[in-house]
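Mind looking over this structure? Questions follow.
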Amino acid sequence: MHALLADSTLTGGLLTLAQSDFPHALSTLTLNHYLFVSAAMFALGIIGFLTRRNLIIMFLCTELMFQAAGLALIAFGRYHLNFDGQSFVIFVLTIAAAEAAMALALVVLLFRRRESLDADLWAELKG
Amino acid sequence: MTDKLALVWPEIWLFVTTCVVMVVGLSPDLRVRKLCGWISALGLVVAIGAAVPVAHAGGLFPSITPYAKGMIGVVGLMLLPLLAGTVDRDLDAAIESGKATFSALRSNRAEFYAFFLFSLTGLMLTASADDLIWLFLALELTSLPTYIMVTISTRGTRSQEAGVKYFFLGALGAAIFLYGFALIYGATGTTDLAEIAAAFRAQSEAGGLNTIGVAGLAVALIGLCFKIAAVPMHMYAADVYQGAASGVSAMLAFVPKTAGFLAIIMLCGAVGWTHGATHDSLPAPIYILLWVIAAATMFTGNLLAIRQSSVKRILAYSSVAHSGYMLVGVIAGPGSGHGTFWDNGIAAVLFYLLTYGVTNVGTFAVLASIQKPNGEEADDIADIRGLHGTRPHLAGAMLLCVLSLLGMPPLLGFFGKVGLFTSAISAGEIPLVIVLGLNSAIAAFYYLRIARAAYLEPADEHVETRAGPIPQRVFAAVLSASAVVLLLTVAQMLMERSVTASGYHAPHAGMADTPHEALDLTRADD
Amino acid sequence: MNLAIADLPINPLLLYIACALGAVGVIFAMPRRGNNPAIVGGLVAAVAAGLVVLGLTLGSGRGEPTPSVFFYIFALLALGGGLRMITHPKPVYAALYFILTIIASSGLYLLLSAEFMAFALVVIYAGAIIITYLFVIMLATQAPSADDVDALSVYDASAHEPIAASAAGFVLLALLTTMLFHGTPDLPTRPGIDSSDAILARLPGKVDDALTPILLANGLMNEDERIARMADTGEVMINSAKHTVLVTNAEVAGEAPTRETGRLVEVPAELWPSDLSGTNVEGLGLNLLGEHPMTIEIAGVVLLMAMLGATVLARKQVDLEEEAKARQARHLALDGAIAGPGGAN
Amino acid sequence: MGVSMTTIMDAILSAAVAQHGGEAAHAAVAASHGVTGPLWIGLIPLLPLLGVVLVTLLACFNEKSKMPAWISVGLLAVSFLLTLFAYLGWNGHDAIHLKLWDWIGLSWGDLRGQTLAAGFAFYFDGLSLLWMLFVTGLACLIGLYASEYMEHDAGLGYCRFFAAFNLFVFSMSCLVMGDNLLMLFLGWEGVGLCSYLLIGYFYKKKSAVDAGMKAFVVNRIGDLGLLMGMLLTFTTFGTLQYDALFNQIHTGLTAGGTPLSQTWQVWAIPLLLMGGAFGKSAQLFFYVWLPDAMEGPTPVSALIHAATMVTAGVYLVARMMPLYLADPAHIALTAVTWGGAITAFWSATIAVAQFDIKRIMGYSTISQLGYMFAGLGVLATTGGVFHVFTHAFFKATLFLSCGAVMHGFAGQLDMRKLSGLWSINGFRVVVIAMLIGCLNLSGFPFTGGYFSKDMIIAEAFVTPDSVIAGSSWAGWLLLLTAGMTAYYTFRVFFRVFVGPVVYEPGEDLHAHDDHEHADAHGHGHGHDDAHDHAAEHFHPHGPKWAINLVLTLLSVGCILSAGLYFLGDHHGWAGGMVHASSAVVDTHAVEGGEEALLFGQPPHEIMFYISAVFGFGGILLAAWFHGPKGIAGLLIGGRTTAAEVRMDPIAKALRPISTWAVRKWYVDEFYHLVLVTPLKIFAHLFHWFDKLIVDGLVNFFGATPRVSSDAIGESTQTGVLHDYALRMVAGIAVVLVVVVLVLF
């Protein structure tokens, strides 16, 4: 990849990338970089889910976690040079869309009841 | 493609039934809409029939599908009368009496059946999973409908609160096990479970599992703990069970749990039970992980159950505890392969899932059959006091089911628990067996409390309960209770089936190489 | 297991310090009432992330190729967008920052030569899902008062236990990265397809279209010959590096061509079509339809289910009493409208 | 005719055997000697089980008609006919085996005694056939009786009754027909459950619920003995299957090869089994539950608590006879003898002083069960088993007659308030049936009861004291009891069934459905809502056709059962049946051929006269004390009203004794003092223990997770979504820390 990038100028870089020759294997070092970004996104998603009280943002955070998994899948797929990872991401997107549709419908329902998006308002059931 | 298609006939039938139910449910004629339950039952029966001849030739657990799908179909059939009429009774009554007109946009019942069937479809798909992607989608298809069923199961805000907790925490859990799946793919380079198993085998033969794989398995297993309500992902259980209608709670105790256990068994199968010093256990980190989770789950579930005053919460925590028991079976693994039920942990888990599912229907059905004056289902333990005097058959059903959950000897639950005990003993898991025994004893506290309330305590004067409006639920309760007793006669057969179903194809490293052969062609003249 | 934490490609101390620093940064960046040191927090978190990335890049020092500069840009955008998303008190901005993360992620996908997924991501996520989010945010947010439209809701303005949450999150990150970084060096590669030829082999039509005219025009292949396809798999034998392809006699085409029955043709380099290569989209399509055909069906079922679910959830829950009240109210309003102009409201 | 029917059924069903049961059946043949029975034998227990299912279904449809009864009676009748066919088709000596499926198969090693296998299999020898004949026959008849008796409860109650009724027959069949001790145990617990359910049938009556509970608890104590006995049997002999077990005992060695007579198990197992048998059959101090069990509907008392279930203990001891005989010291047999004899006497003394006719029958049942055990103990298995058979008929007759009275007089059972039924319209059949039953019970010459009882008492004198310690003393005790039996039996008869017409309606045990009761009979009088006026308007109603038919059939059965004594070679028909079973005792081998004499005569011959004297004496005494004036009082009676009897002054004179007897010797109170009170004290102690220690522990454990979340300042189940999520993630972090620590 970097070898490719080294050949191309910075300007035409992105387009060249998209139409470039078939990729070569990813180095483990580069893989580490992507994995770190993925793990950090995952952690950020979790932290956001734990701290934000707005139902919509909470669900956005799970989307961020899905996104982190997607990035890991693509990076691993590139490392192994097979397409299972990318296929997986397609399905992850499918599920994310399905979950989002239902979650947002639920949020609308809850908002109608309480006129608020605060998750902590829903705390009547407890031990 | 076609061989896999043959594998999923039950699911296809269920999905077709779902579509039929959705369409039929839009009829303005109440009598036609009432057919939905019967159509669902018919679809389930056909699915069970279609599951019987299914035989799987590949994968880690080649013959798990007929048993699992049969079990799912049977318990689904028992859940059906319990779920029937959970929503929209008022609307139907209003339409019948002319106070309201039918509007397809407001009909709920058919969708409710449809969600139930969707969920069972997902559950059956989980059983036929041989691929991580497939597994992920099947698990989601199992869970997503249950989120909605919980939310709309009653009119009150409690079920909506249960719904939001269940949905959001469920999404968190899903994201977590998805990340685990991604890492497993990363560690092995494939999503096919058999190839994953082969790759892990090759790694462990070459000097130990890759830590990415370990991390992936660990994260995925913890994420799946949400589905089975195991520590630390059990938090939602009590609130959700309490907030949802009893029928839906019964479903939650079986459907996601079964899906979770099937997935856990498959993931554990991917690393195999042939590691460790004596080559008869899971790889050390996974083993310790499951061990800690199992022990913590048992204790947490049982101890927290003692403090509750709501029967539904007690049953929720008991459901948590039962997950802990079953994890013991997972840890014990398929055993030495002698083919007997008593040293095969996986068979024990599969059998236990069936007994638990059957029994569980009864306990929740009893609760669903009793109404408080304000129209809510019975929940608090005070509501079932003196049940023996007023509704003895319900009290009897409750007693039988509770005793079976407790593992009283002549009842069905006993054999499930004995299977777990003996398989764990033969796997040498003595400390875990002690924890299991200890917890079975603790469980007696709250189970007997329920039985005592129903049988020995007089009804509270100020707590008035009356018969619920839906007779099918009583039927479900009695059905479940009699199953607890009558299935004993075929218990031996079921155990043998579960042994067959748990047949495990231990992976070998050579399997990993198959994709390369085709590629050799392309290096035409190297 | 006899693994050592010192085997990490990054100094573990640096990693953990960076994680702790990141936690502190996130805690500071969280929305709170009163003085909000969000910028400081963001900077600290960015420094922490930078420390790890730099540590990774420089720490190895084994002369391995490092990621391109685009990676650093996109990674910064993605993580920064994520951080801002979870810390910005206004839901609309949070959603917009999420779009930023998505776009940066799609850039990372591009760098990983997953072009199709990169564009699909933008279309599906940034284009569809987030728009839905924005709709719902608009639908479900009310300004606390008419005067102050920008005022925040209480629950948006304050975070829920930021310290504990950040600690838990970053412990998780530290644990995950430890295991991930430790695993990568001895991660076995498992190439499903290690060259574009593998894709081309499964796309005989594309090879035919590109090569047959050239082969025929240059007399490299007779009229009664054609590019050989394997009888069982339908694949062609092609090697773009050596510019060779297997052709066979049309008469024996019914049988499985082998290197004996076929004829290996070497095409001069200048004649070899420059655009003949397997692309990402083709590879993905082959994988999707070849390996996971049934899974697509399941995805369809899930989507159908989700559509039904969203419909059931989002419509107004039936409440007969409320409905009766509403009808009554409508009647009253109607009466009022007849009575006088004041009643129309 | 019967034989040809059997052949036809065989022909029909043999195809099924060939297809399905063939292999299993052959395996069974290979495993043990004997003949393999046709598959339809399996229908005998399964038809009642089908009845349970059908009746439950009817309950689900809220059926209000008598359909449950007709289904039950029909299925039971078929079941009885099948039993009859099985009997007729039986070759008279070999046991019939039939294995339906493997039920339990535990194996923890390859050695002998490390496999616990039990098939759902049947074992038909003389003993089980004899039992099954009267179990299914009586169940069918009593079901018919109940169809009328329970009609006031039509609906759910009716279904409940018949479901439990059918379940009882199924369980009893498993108990009797099972080919191993585990099957027996399954049936044993099943009949116990049904008994509990049916005693507590009138669950709105506290006394009924309490009685059910009492029966359950007392039976559990006995069952513990049975269970321990079974476990010991298994550890000692390595099998629970009858054939294998008896073969092993026959070798005189345990499974481990130790000579049996040198082990402690040889007396411990029979004693433990005896505990179980005594519990189920209400012997010795276990008897307390049976009188209270009369709270159940009368058909239940007749079938379960008189004729069939309570004889399960007798069956167990008879079935396990080889085990009892294996002990050269006969410790357990002596215990059985004396336990039976003492119970027989003891409960007869109580019966003498009671006024509730159904309870008298209850105590009489205990007493007669004592006879059966004593018979088994003194090696008169034939006598004991024959007595089981005759007793089943006459006691069922007696109970059902009492039930008819109770049915007609709104639950009146007090003999002081009833008199002269003979003269009340519609009760003739009842009185005649009662008379026949009473004659049997009191051992009137040439009745079935006379022969069966004589066999027992005579054998007590025959069996030398060296074999069974004090067996002749037990014989005298039994003779005395026979006289008392005749007395209290005819006390009932003379007071209630003959003499001047006096009656008061009872409290109506079915008080909860008063109204239906009145309506159902269409009398329209007698049961107003205000019960005070009930007596004025009350008219007894005689039984209708079903009850009369059943009483007639049973009376005929009582009379015919006497004839069985003259059938066959081995001391009558019962002897023949016992001879073809494990209960057979080679008395010569055991007693060493020495023949004891009674008054210089062989006891078996002289006993006919002695016991006749005792029986007549008892009847005459009863006539003198309780008989009405005239022929009905055998001309010596002097009673003119219901209450005025010659016994009263004597009872007054003997006040302490009679009071004690009336109060059942204060046994219940004694138990209360000795057992219940300490238990209550213990319960209180445990309650405090529970409060302080257990609750403390519980609170401690409940607090532990809270402590761990103190840093956040909330308890675990706060109900707040975020707290849950935080705990979940923290949990994940902790678990991953563990994983990382294991890894590195």
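A, B, C and D are the chain letters, set down in written order, and residue numbers restart from 1 in every chain.
Everything that follows uses one rule, which is that a contact is a pair of C-beta atoms (placed from the backbone, for glycine too) under 8 Å apart; a residue touches a chain by one contact, two chains touch by 3 or more.
Predicted model, so just to flag it, every value in this text is computed and none were measured.
Q: Taking every chain's C-alpha mean, which one sits closest to the mean of all protein C-alpha atoms?
A: Ranked by how close its C-alpha centre lies to the overall one, first comes B.
Q: Rounded to the nearest whole Å, what is the centre-to-centre distance of chain B and chain C, using the mean of the C-alpha atoms as each centre?
A: Centre-to-centre distance between chain B and chain C: 31 Å.
Q: Averaging over Cα atoms per chain, report the distance between chain A and chain B in Å.
A: 29
Q: Can you give the whole-Å distance between the Cα centres of chain B and chain D?
A: Result: the chain centres lie 43 Å from each other.
Q: Quick check: how many Å separate the C-alpha centres of chain C and chain D?
A: 75
Q: Residues touching two or more other chains, restricted to chain C: which are they?
A: Residue numbers touching two or more other chains: 1, 3, 160-161, 164-165, 168-169, 172, 175-176, 179-180, 184, 187, 189-195, 292, 295, 299, 302, 305-306, 309, 312-313, 317.
Q: Could you pull out the residues of chain D that touch at least 2 other chains?
A: Touching at least two other chains: 716-717, 719, 721-722, 725-726, 729-730, 732, 736, 739, 742-743.
Q: Listing for chain B: what residues touch at least two other chains?
A: Within chain B, residues 133, 137, 140, 144, 147-148, 151, 164-165, 168, 172, 176, 183, 186, 189-190, 211, 214-215, 219, 238-239, 284-285, 304, 307 contact more than one other chain.
Q: How would one label the connectivity among the chains shown: line, ring, star, complete, or other?
A: Graph shape here is complete: every pair of chains touches.
Q: Can you tell me which positions in chain C touch chain B when the two form their complex?
A: Contact set of chain C toward chain B: 1, 3, 175-176, 179-180, 182-184, 186-195, 197-198, 201, 230, 233, 235, 237-239, 242, 244-246, 259, 264, 292-295, 298-299, 301-302, 305-306, 308-309, 312-313, 315, 317-320, 323.
Q: In the complex, go through chain A and note every residue touching chain C.
A: 1-3, 5, 10, 13-14, 17-18, 20-23, 25-37, 39-48, 50-54, 56-57, 60-61, 63-64, 67, 70-71, 74-75, 77-84, 86-87, 89-91, 93-102, 104-109, 111-112, 115-120
Q: Taking the complex as given, what residues does chain B use to touch chain A?
A: 132-133, 136-137, 140, 144, 147-148, 151, 157-158, 160-165, 167-168, 171-172, 174-176, 178-179, 181-183, 185-186, 189-191, 238-239, 242-243, 304, 307-308, 313
Q: Which residues of chain A touch chain D in the complex?
A: Within the complex, chain A contacts chain D at residues 46, 49-51, 53, 119-120, 122-127.
Q: Quick one: in the complex, what on chain D touches chain A?
A: Per the stated touch rule, the residues are 715-722, 725-726, 729.
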